[in-house]
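This report refers to the structure that appears directly beneath it.
For reference, chains read A, B, C and D in written order, and residue numbers begin at 1 within each chain.
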Amino acid sequence: MSRITVDVPLRWSDIDAYSHVNNAELLRILEEARIQAFWVSGDPQRASTAILEATPGAGTATLIARLEIEYLAPIAYQRQPLRVQMWLSHLGGASLDLCYEVYDHSESELYARALTTVVMADAVTQKPRRITPEERRAWEPFLGEAPAFRRR
Amino acid sequence: MSRITVDVPLRWSDIDAYSHVNNAELLRILEEARIQAFWVSGDPQRASTAILEATPGAGTATLIARLEIEYLAPIAYQRQPLRVQMWLSHLGGASLDLCYEVYDHSESELYARALTTVVMADAVTQKPRRITPEERRAWEPFLGEAPAFRRR
Amino acid sequence: MSRITVDVPLRWSDIDAYSHVNNAELLRILEEARIQAFWVSGDPQRASTAILEATPGAGTATLIARLEIEYLAPIAYQRQPLRVQMWLSHLGGASLDLCYEVYDHSESELYARALTTVVMADAVTQKPRRITPEERRAWEPFLGEAPAFRRR
Amino acid sequence: MSRITVDVPLRWSDIDAYSHVNNAELLRILEEARIQAFWVSGDPQRASTAILEATPGAGTATLIARLEIEYLAPIAYQRQPLRVQMWLSHLGGASLDLCYEVYDHSESELYARALTTVVMADAVTQKPRRITPEERRAWEPFLGEAPAFRRR
């Protein structure tokens, strides 16, 4: 199974009074990973999946409809970026399920696994819009199994 | 079923460039609701569930092991606080499942439903510690059904 | 000298790994104080200065051109809101200098003093626009001396 | 005059509802720049100034006593990191004045200039501690003029 791998540097402010990355703040790390993986940038080395025009003023807004995350180990402050692996467990008409595993930089410790349902929306009307054939072609190679969450 | 109801004011910085409350930031709202519901304060009108000594330096740290959230409607900036209703769907040996519904202040619109698994831990060792009989007595009246999430 | 007094609750996430309110986060507290003091709300008990239509979509954007702050004492986590006193040290053609003192809720400890230069701008063009006579009348009663900063 | 130059990537969450980097959030960018410039990391290519053991659990805490910043132009969202240039305008017994200029990545636009007074403190007692001879040697090459702020 192919994965999209992205490095996201921590910020000092991600650490809370318990001295590890705050659980809400980790979602910002996922947000940054998602942007690097899917949004167009000027970077010629961008991932093949990075084809969305989603910056302010662009045509597409990516909305989060659902999120599930398991925190497996506390994340201490570290100067090396976290490594986030991503893949898709579902590619629907206007939405997709994006899966994440969050590791330290050397991938020796798995900190969290997560899944977000992302809806493609028109930036002006905020209504869902269909995934285009071009998007489908770029993203299909990364389809795989959803993480096995330990739900009650 | 009994619920704990708490008001959480928005901050301007909760709003992102899409002009509604950012999905990660909403978890901070849940965090604040949880603190008001469960942590001891000097306020004589505190909820009957607010018995945890969990501020910095206290004996207990509350760790989030798992989170699930459904975003049902975008939350526009509003000056009135959001209203968060909470209840428990599970009360285990050292952890509990806390359920949330997030409404506008008049409870006319449901914005999100969520569930977090919270582990009671020793603040120094960060190891789980058992829920005490006193805690169990205070929290049992708020046991109820988990939200019906639309999982794929 | 008249002052505008506003209470701003802390959030747990304002606390950083040094276990007190982060210096950047304190500016969010000032931001919230400023909004309560100057932006129109539906609240009938609003301050007499709260006449700006500045929420998303409104005509006015308030831009910060300059900021100066002295941190006098670390701010520990507290459940009672901080108390922020505000006044104006300058009321110009399109901008004003807003002064702040940040206290604990009982006003027994002064944590910080600050000054921000706020520019009234057209929300669409982001160009400065003149302070109106109505605004001037509402804000003039709060003119006073700037804080005596200990600059090098 | 020698300067320390550091790149700091933006996060999507730095952008507020006015669609540019929030003024408080820009202080986080300065915080990250400061950490890269002064804190020890495992990176062999670190700046010669990066000699402080200041991470959680280390001996030194760096406290901000004073901050002054001028926002010269709004910062739009950009995928390329901001470029922050730093130098010292004062090197005292236990504190230093750190100056910043914040640019876009190509240094074609100056967004802000700032100065923070940083106090070296003992991480446990939070009391100021003297700057060591080793620190003085590492930092003296970057002494220069303070920015010319447009104070009223």
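Following the convention adopted for this analysis, a residue touches a chain if its C-beta (ideal position, glycine included) is under 8 Å from a C-beta of that chain, and two chains touch if they have at least 3 such contacts.
Just so it is clear, the model here is predicted, and its values are computed rather than measured.
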Contact distance in steps, from subunit B to subunit D: 1
Chain pair among C-D, A-B or A-C whose interface repeats that of B-D, sharing over half of the contact pairs by residue number: A-C
Interface sides of subunit A and subunit B: same vs different residues, half threshold: same
Of all other chains, the one whose Cα centre sits farthest from subunit C: A
Cα superposition angle of subunit C on its copy subunit D, in degrees to the nearest 5: 180
Subunit A-subunit B separation of Cα centroids, rounded to whole Å: 24
Geometric centre distance via CA averages, subunit D-subunit A, whole Å: 29
Set of subunit B residues in contact with two or more other chains: 12-13, 15, 17, 19, 24-25, 28, 31, 56, 77
Subunit C - residues contacting subunit D, complex: 17-18, 23-25, 27-28, 30-31, 56, 61, 63-71, 74, 89-90, 97, 117, 126, 146, 149-152
Touching residues on subunit D, where the partner in the complex is subunit A: 9, 11-13, 15, 19, 28, 31-32, 35, 39, 41-43, 55-57, 76-77, 79-80
Residues of subunit C touching subunit A in the complex: 12-13, 15-17, 19, 22, 24-25, 77
